[in-house]
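This report refers to the structure that appears directly beneath it.
Chain IDs A, B, C, D, E and F follow the sequence of writing; residue 1 opens each chain.
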Amino acid sequence: MTVRDHMMIAHSLRGEAFGPAQRLHGATYVVDATFRRAELDPDGIVVDIGRAGEELRAVLAEFNYRNLDDEPSLASVNTTTEVLARLIADRLAERARAGALGDAARRIDGLVVTLHESPVASASYERPL
Amino acid sequence: MTVRDHMMIAHSLRGEAFGPAQRLHGATYVVDATFRRAELDPDGIVVDIGRAGEELRAVLAEFNYRNLDDEPSLASVNTTTEVLARLIADRLAERARAGALGDAARRIDGLVVTLHESPVASASYERPL
Amino acid sequence: MTVRDHMMIAHSLRGEAFGPAQRLHGATYVVDATFRRAELDPDGIVVDIGRAGEELRAVLAEFNYRNLDDEPSLASVNTTTEVLARLIADRLAERARAGALGDAARRIDGLVVTLHESPVASASYERPL
Amino acid sequence: MTVRDHMMIAHSLRGEAFGPAQRLHGATYVVDATFRRAELDPDGIVVDIGRAGEELRAVLAEFNYRNLDDEPSLASVNTTTEVLARLIADRLAERARAGALGDAARRIDGLVVTLHESPVASASYERPL
Amino acid sequence: MTVRDHMMIAHSLRGEAFGPAQRLHGATYVVDATFRRAELDPDGIVVDIGRAGEELRAVLAEFNYRNLDDEPSLASVNTTTEVLARLIADRLAERARAGALGDAARRIDGLVVTLHESPVASASYERPL
Amino acid sequence: MTVRDHMMIAHSLRGEAFGPAQRLHGATYVVDATFRRAELDPDGIVVDIGRAGEELRAVLAEFNYRNLDDEPSLASVNTTTEVLARLIADRLAERARAGALGDAARRIDGLVVTLHESPVASASYERPL
């Protein structure tokens, strides 16, 4: 099951490989979060879609309308699309394990987060739960 | 190889978790059916794309323009997006095994069906053939 | 300026021309609301995008997760995609004239509402404000 | 005839109405530029599509991978989606009038620029040439 | 009201301006046909959506899976995206006037045909009916 | 990490199963190339996105604006969507192994190429690197 939301952020990337993206610029990230499990729960779902959407929104709210270069929690990381996909996946996993998606969600066994940065580029991160 | 079609149905969901979706409402489901195999056939295909599209259309025709709450074959199931994805995958698998996709299709080893219920939510079901 | 949202409804259509759509079925309508004006306001906007999105959501909330055949306010209309586009445009226009979009919005001179019922069909309604 | 490209920028918006968008953030703008004319030229085109794409790319290059708050040419404007659409349309119009799109392009009579800032919001600016 | 379909064709373009597109190549054209009228008919529609889709399909069938360079009816034209949009609009208009869309369709006053040749380029033709 | 580009080609398919696609026709192929690896490199990336896009473009340039039936390198193959996906994946893999994507790319362990031939059909090929 996949839910989609988006966030609008500013950031700059560190490293010569990034060329002009070393300058402060920004992105609208369209974010897909996919929850996987082997069998559906008794209601016939992977996870409550409403709750999944709310948790994704809550995770993105920490970044939305911000300059990631100024976020203390991101000081040590290069906020590439790949790194942000991993970070969002990790935060969703923490919330799921803490029960935010309900008891049924404890049977989720995998999580994939995809960030689309433009119509021609995206990055995904896949992890177990 | 993936073919896409869609269907327009009414239904209601059973269970408090579904909130307002417990009321009779509806959805346009955009349906992707993916057929997988290890090696291409001698013609260089996974499966005849025309036949695959026709079989998907035939499976969806049983639901299209209907109220799923009134379908006897669905009486015992909660027609969530996840359950419908599994159901459509199972019906395509039956048809493929019965030869509807041609002899070449007997080498298909997996099937994924994805239902997009809105621009922000979808569900997939993956199974062997 | 255009904002997008969606709603999931059940309905049936009256008239032989509608063929199988005379049966109770449903749709996910992706709804675009476009606000037009000759000149931008002093902030450089057509209308507050946040407010526009909230008003569109409020209008759609009256239909979302419902069977339109049971809505008393729709008893006399055939809820085709075209009719729903006009109805939503009219309700947005009422709200705009009542001040829901702020003072700046009083300079809006036109409104277009488009409903996408599937990947292959949509309808638009355009009106002055 | 319409060509599409995109740019990734940082900026902040001035005015209480913008709420959290007053903070430095960013956007991927997907940009459509539409050129209109009454009759096609002798080659059967509105404008050379290759040249139109190059001119759009050249206009966006002045903003791409930049913080618009630091651009001297934008110091006096609030870089809303609407204002950027107008600015890009005006720059394309200047280039077209200066002959950058070729002689045939002198028969273009209108220009529309649309900026999509997210899957749910966009703004268009239409002007004569 | 807009219906969408697509066609897959080969062709080459005549004229130095077309650069590499002077070679024989091809395109998948995604085609939108929009029918406009001032007021809805008594059923609450612009035109029967099923019929509109069938007529569009019939018009595209004359080109689909063909090399346009070999079509006698196209011998005198440069089959640019713009020219094909006009041609398809003209053929739909003829059919509508001949009654193919039903009596209600006689009240249609305008027609727009858009051909998307790639994710970054499209052309539209608008005409009265 | 996924990059997207497209190409416009003419071709015909050999084999009765292809029906009308045995005639010379064409397609716009929207091509996604996905690069996979277990861990990100020290810059926080899978592969330099700029280089990945350039390599994909270079591979597609050999086919773009051509009639594949006339390409000597394709004389022995049936250029189905599936076969083209495999061919493009193999060429990208060769380039990656030859160092075209930089040293970091040597840690890429998988590659997926997807070709979308129309809004309703696509094919993917997945291989290790």
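In the analysis below, contacts are C-beta pairs under 8 Å (C-beta built on N, C-alpha and C of every residue); 3 or more make two chains touch, one makes a residue touch a chain.
These figures come from a predicted structure and were not determined experimentally.
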(request) Going by C-alpha centroids, which chain is farthest from subunit D? Tell me that one. (result) B
(request) With residue numbering as the guide, point to the option in B-C, A-F or A-D that repeats D-E in over half of the contact pairs. (result) A-F
(request) Tell me whether subunit B and subunit C, two copies of the same sequence, contact each other through the same residue numbers or different ones, using over half shared as the line for same. (result) same
(message) Report the inter-centroid distance (CA atoms only) between subunit B and subunit E in whole Å.
(response) 31
(message) I'd like the Å distance between the centres of subunit C and subunit D, where a centre is the mean of that chain's Cα atoms.
(response) 28
(message) I'd like to verify one number: the distance from the centre of subunit A to the centre of subunit E, where each centre is the average of its C-alpha atoms, in whole angstrom.
(response) 41
(message) For subunit E, give me the residues that contact two or more of the other chains.
(response) 4, 119-120
(message) Applying the document's contact rule, which stretches of subunit B touch subunit C when the two form their complex?
(response) 4, 6, 8-11, 20-21, 23-30, 64-67, 70, 117-120
(message) Using the touch definition from the top, list the residues of subunit F that touch subunit B in their complex.
(response) 14-15, 17-19, 77-83, 86, 119-124
(message) If we count contacts the way the header does, which residues on subunit F are in touch with subunit A in the complex?
(response) 1-5, 34, 40, 43-46, 48-50, 53, 102
